[in-house]
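Dumping the structure here so I can ask a few things about it.
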Amino acid sequence: MSITYLEAIREAQAHALRDDPRVFIYGQDVGAFGGAFKATKNLAREFPGRVLDSPISEDAMVGLAVGAAIEGLRPIIEMQFADFSTVGFNQIVNQAATLFWRTQVSCPITVRLPFGGTSGSGPFHSQSLEAIYAHYPGLIVLTPATVEDAYSMLLAAVAIDDPVIFCEHKLLYYHLKSEKLPSEALPVGKARIAREGRDLTIVTYSAMVHEALAAAAELATEGWEIEVVDLRSIKPLDTDTVIASVARTGRLLCVGEAWPWGGVTAEVVARVTAEGYGLLDAPPQRLNAKDTPVPYHPNLWAAHRPTSRSVAAAARNLLRT
Amino acid sequence: MSITYLEAIREAQAHALRDDPRVFIYGQDVGAFGGAFKATKNLAREFPGRVLDSPISEDAMVGLAVGAAIEGLRPIIEMQFADFSTVGFNQIVNQAATLFWRTQVSCPITVRLPFGGTSGSGPFHSQSLEAIYAHYPGLIVLTPATVEDAYSMLLAAVAIDDPVIFCEHKLLYYHLKSEKLPSEALPVGKARIAREGRDLTIVTYSAMVHEALAAAAELATEGWEIEVVDLRSIKPLDTDTVIASVARTGRLLCVGEAWPWGGVTAEVVARVTAEGYGLLDAPPQRLNAKDTPVPYHPNLWAAHRPTSRSVAAAARNLLRT
Amino acid sequence: MLHTVSGPGSAGHVGSTAAAPLVAYRIMLRARLLDDKFAALSRAGKIHGGVFLGRGQEALSVAVGVSLDKSDVFAPLIRDAAGRLAFGEPLIDAVRTYLGSALGPMRGRDGNVHRGYPREGLLPMISHLGAMVSVVNGVLFARRMKGITGCVGVACLGEGATSTGAFHEALNQAAVEKLPLILVVANNQFAYSTPNSRQFACASLADKAVGYGVESHSVDGTDFAGCLETLSSAVNRARTGHGPQLVVANLLRLCGHGEHDDAHYIPTEIKNSPLGRDCLKVAEKFLLEHNYVGADMFIGWRNEAIREIEAAVAQVLREAAPDPFAEEWTAISSKYLMEGHAS
Amino acid sequence: MLHTVSGPGSAGHVGSTAAAPLVAYRIMLRARLLDDKFAALSRAGKIHGGVFLGRGQEALSVAVGVSLDKSDVFAPLIRDAAGRLAFGEPLIDAVRTYLGSALGPMRGRDGNVHRGYPREGLLPMISHLGAMVSVVNGVLFARRMKGITGCVGVACLGEGATSTGAFHEALNQAAVEKLPLILVVANNQFAYSTPNSRQFACASLADKAVGYGVESHSVDGTDFAGCLETLSSAVNRARTGHGPQLVVANLLRLCGHGEHDDAHYIPTEIKNSPLGRDCLKVAEKFLLEHNYVGADMFIGWRNEAIREIEAAVAQVLREAAPDPFAEEWTAISSKYLMEGHAS
């Protein structure tokens, strides 16, 4: 057997629906159709009345989820693409994210965001919005990079009492495969050493973990041992694991697929320099996407985002400093 | 004569309406009423048909502005509070911000965001959203800290061919005063040395400039010379001026009123450490608001945001490192 | 599509008991006096931030509250002191929230009209207009999913809020899901200073109902009995499975948008029109004319309410303010997921 | 409130000249064949990303395009190849955008249906449904402010997009401003896979008009002549100062949501119902029956269109792809405000 990242997401939802009567799924085309990406395939049939098509009303979709969460349910909202969450934005950041703080009533909703660039998808079906959500207090932002994490972290997300923004990378949906679903997992909030090394630490998350691993493999042929830290969760962000890695390597490169101003890479650098300054042997560096919308054409797209190549090049530069 | 920060904003709009027939103002209650804060007082009367009340439709307000900009006009949109821009969010970040990149037709709109905390305003009338907008490509984000800058930068904003998010701090509206309006100004995109010093650089913007200056004054009595850099514009961000200051002082403290995850302070630290690492004599530090919504009660509010006191304390710590 | 219109004088006795109008009136009176007190405290500088009153809108608001059961859901807006009291919100909660007492439901974190107990069905509003409607939908949706039947939910809005996308999405959602939502629009002719002519272009906001496939009700919001009757009937329709109900009441707020606002923009003609009637006076007249009560009772009730309010204020003024050092300064409930490092 | 309903057979000759239906038909045919070509290119793996066709919706779409002048404003949506051609979009633009040519209007930055020339009144859509309507409002608003009169603007939407807040805010805004907006809703019964029963609960989407205070028109979207007549009349009403017009057409898309979708969820009964008629065939029948043309002409026009399309594709396939090294990689037009430091 082999299971994809996307199937893992489907399985996690099936699992959650099966084990927890409080769970339901609401989103455009998630019912009989099984969702634009088939992440809810067959679930409407297997769990009648608990997987429901919504109107094209992202604001009301999230609002309904908050109301249901108040009543003790555990809604999973599927945004058809992360990019469309901008029209459900207010309910996420002002209604869901503030509820517990205002009222001491928790708001266990999971908002699934199929995100990130894929070739030919263009500026409105490719966005990486994790930093936008992480900036707001009251949200948990998860960014699984592996099939195992997609599964276990989505299950965890549904169990978490707070609103979770679950960023699932569309590029990983079909081609990332694993032999089986995990029975154990690192807790949410812990980063993972995806590859050990002692010369330089690359901190990254989601699809970029795979670019970083490829870069590390390439650099290994040149004699460098690159450590790759997969953040898994960008809020909370596991600064301890990052700093421990930098303590071993002395060099930090942060890689993200999102836009360059602010975001995960800036936050990681700011934390490491504040708390682990003495550990650094060279200036910490960042590599992000370019500061434009995500282009449609594959040639442009490939140049817009970091790739194993540009990651390796940035790492080489930093190793030479 | 003496003129407040708020009056400067009104005067800049009057000036723009007078000098440029392409300018109009659209927003809730901006017409005969003159706006919730009176930033458009009398303008509807002075410029008939060019200062118009909108329905409570932030999405459509911004959409209309984009359409008008396409036709060559220069709309100023007043959000009643920055916090409500979350419901006009999509049109700002996906329509306005991408137009030029997509079509080579520029989008000269100015979105005025009365932002920032004031005592008793609570979680939905106090937000600082500059980092949210700065993360998106295609937007200019301005954060004037002085009466002079409020005036000259708003005039500049209207003249800029790109969408400008103009963050005007409500706390400065009434009590910040100046003798007269400026006839000259630093260009947009240039930071300003608000106070010179050689022991430590505080980089900040908007209302926090005044907290930083107060902290610097306090620390001066202890013998420290603190340099305060007022960013003025957070996108573009004037890294050169910041790094030049750090080159003089060797110490960097970034202060912001926004939430701690990501944001301006992280971006500044990440840039300085990447490009000016060797200039630092101590780990750069940040001071932000706490990671919760902005509280209503004055006691809580005062503890939520940085103040001259907490800025001074953070600076003292850093000076001792 | 059912459409009812109720105007002045169209209603007789309403409610489950003959005493219902009396109950409603006494709550209106308490709400009015409570609002007056907040206005006074505001002038005295005792309240931080905005003060938003329901003056002139108490008949509509109380009608909502008395039409609901404790097990229903209610999302009041800024002018619903009367509806809140009728729904069962303790008067002292309002005082504590306005004065920022640490003992209030919002513990000083939020203020004035932003209060409630979500689990008890009293939803605390966020400021973004229209945003509460879909949350009410969610509560009703969840209850249906849990097999709880017979309850309804009310969301209150001003006419200005009908221009928000959130209103539209939520009303449509309720219609698609056939939820027992009653959406109550207080058309007080102005949204802050913005007159209806700059807010919408339909003849009546009730005309929106057919475009959503929901039932509608129009009522003169200054008419005490009409409001009681209309809300009771709308709530009843929703409760008995007829889907969402849109209630539109025409009235005027007899105060500024907030206490900082003198409402100079409201033309005298409108103030002097039937819209400008004080629903409290209308209620008193109604009660007298229908022999519910003698005029002598009113003053007693008023004094009683004032005593209650003064006692609450005196008590709350002695209560502790929130202590920043005792705050946890976290917005999430999962302690194990708190960020230890950001600053 | 004007409300017109036009059904099959209700229309005779339309347009400013007697040849108008012929012009419209030939554009529909070109659009259909162009779509067919994109489908073929997609199957051949020559197109990156989604391919969205207007099959079955050409009559409505072309009716929009031919009703407009060059100086009007048009915000087409994903199924408007016909309307675009009629409005004057060069056919090669569609090909260039789908194939990502550097010479296309979007220069490879955006693809497929996301193309246009804002300054020429052809607004390039963003994906967020409903978001273009207020932009059309803005253009119309600005023209009025500049003293330009007599022009109108069309925004096209699917019925699913009527559930967005953006649709609501913009239609209301147009009504308040009395803008000459024609909002054309193609009710093709499905939004992607979602049937109308999960999208809205009103009897007809045209029922929404009264709630905005705008005029409405309903038409059988498979009826060629009815579409021409209805759009011409709606555009005319808008142009002559009667404010926003809501046009609702009932039809079916005769393809998947995109070319990746086999539309298995559309029940055979609907496909076999009058909604499932092919408007192109209906148009041909109409032209024959009304003696506009003999049957022999169709094949010639078809071949001509195919030649045109093949030539365009052959040309574009030889054109350069965008070069990442030649890109400026900035999203702002003010060079002096570019960020030099972020990475």
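So that you can tell them apart, the chains are marked A, B, C and D in the order they are listed, and the count of residues begins at 1 in each.
Throughout what follows, a contact is a pair of C-beta atoms (placed from the backbone, for glycine too) under 8 Å apart; a residue touches a chain by one contact, two chains touch by 3 or more.
On a predicted model such as this, the values are computed, not experimentally measured, just so you know.
Visitor: Listed by label, which chains are in contact with chain B and with chain D?
Guide: Common neighbours, chain B/chain D: A, C.
Visitor: Which chain maximises the distance between its CA centroid and that of chain D?
Guide: Greatest centre separation from chain D goes to chain C.
Visitor: Provide the C-alpha centroid distance between chain A and chain D, rounded to the nearest whole angstrom.
Guide: Measuring from centre to centre gives 36 Å for this pair.
Visitor: How many angstrom lie between the centres of chain A and chain B, each centre taken as the mean Cα position?
Guide: 30
Visitor: Whole-Å distance, chain C centre to chain D centre, using C-alpha means?
Guide: Spacing between the chain centres: roughly 44 Å.
Visitor: Enumerate the residues of chain A that touch no fewer than two other chains.
Guide: 54-55, 57, 59, 83, 86-87, 90, 94, 97-98, 101-102, 123-124, 137-138, 235, 237, 261, 267, 274-275, 286, 290-293 - these are the residues of chain A that touch more than one other chain.
Visitor: Scan chain D for residues touching two or more other chains and write them down.
Guide: Counting only residues that touch two or more other chains, chain D contributes 106, 109-110, 114, 126, 128, 163-166, 169, 172, 176, 198-200, 330-331, 339, 342-343.
Visitor: Can the chain contact pattern be summarised as a line, a ring, a star, a complete graph, or none of these (other)?
Guide: complete
Visitor: Considering only the defined contacts, which chain B positions touch chain D in the complex?
Guide: For chain B paired with chain D, touching residues are 24, 49-50, 54-55, 57-73, 75, 87, 90-91, 94-95, 97-106, 137-140, 160-162, 187-189, 235-237, 239, 267, 271, 274-275.
Visitor: Touching chain A in the complex: which residues of chain D?
Guide: Contact set of chain D toward chain A: 47-50, 100, 106, 108-112, 114, 126-129, 160-161, 163-166, 191-194, 198-200, 265, 321-325, 327, 329-331, 339, 342-343.
Visitor: Using the touch definition up top, name the residues of chain B that touch chain C in the complex.
Guide: Per the touch definition, chain B meets chain C at residues 28-29, 31-33, 36, 52-57, 59, 81, 83-84, 86-87, 119-125, 260-261, 286-288, 290-293, 295-300, 302-304.
Visitor: Please name which positions on chain D make contact with chain C in the complex.
Guide: Spelled out, the residues of chain D in touch with chain C are 163-169, 172, 175-176, 178, 197-203, 205, 207-214, 243.
Visitor: Enumerate the contact residues on chain D facing chain B in the complex.
Guide: Checking each residue of chain D against chain B gives 105-106, 109-110, 114, 116-119, 123-124, 126, 128, 131-143, 145-146, 165-166, 169-170, 172-173, 176, 330-334, 336-343.
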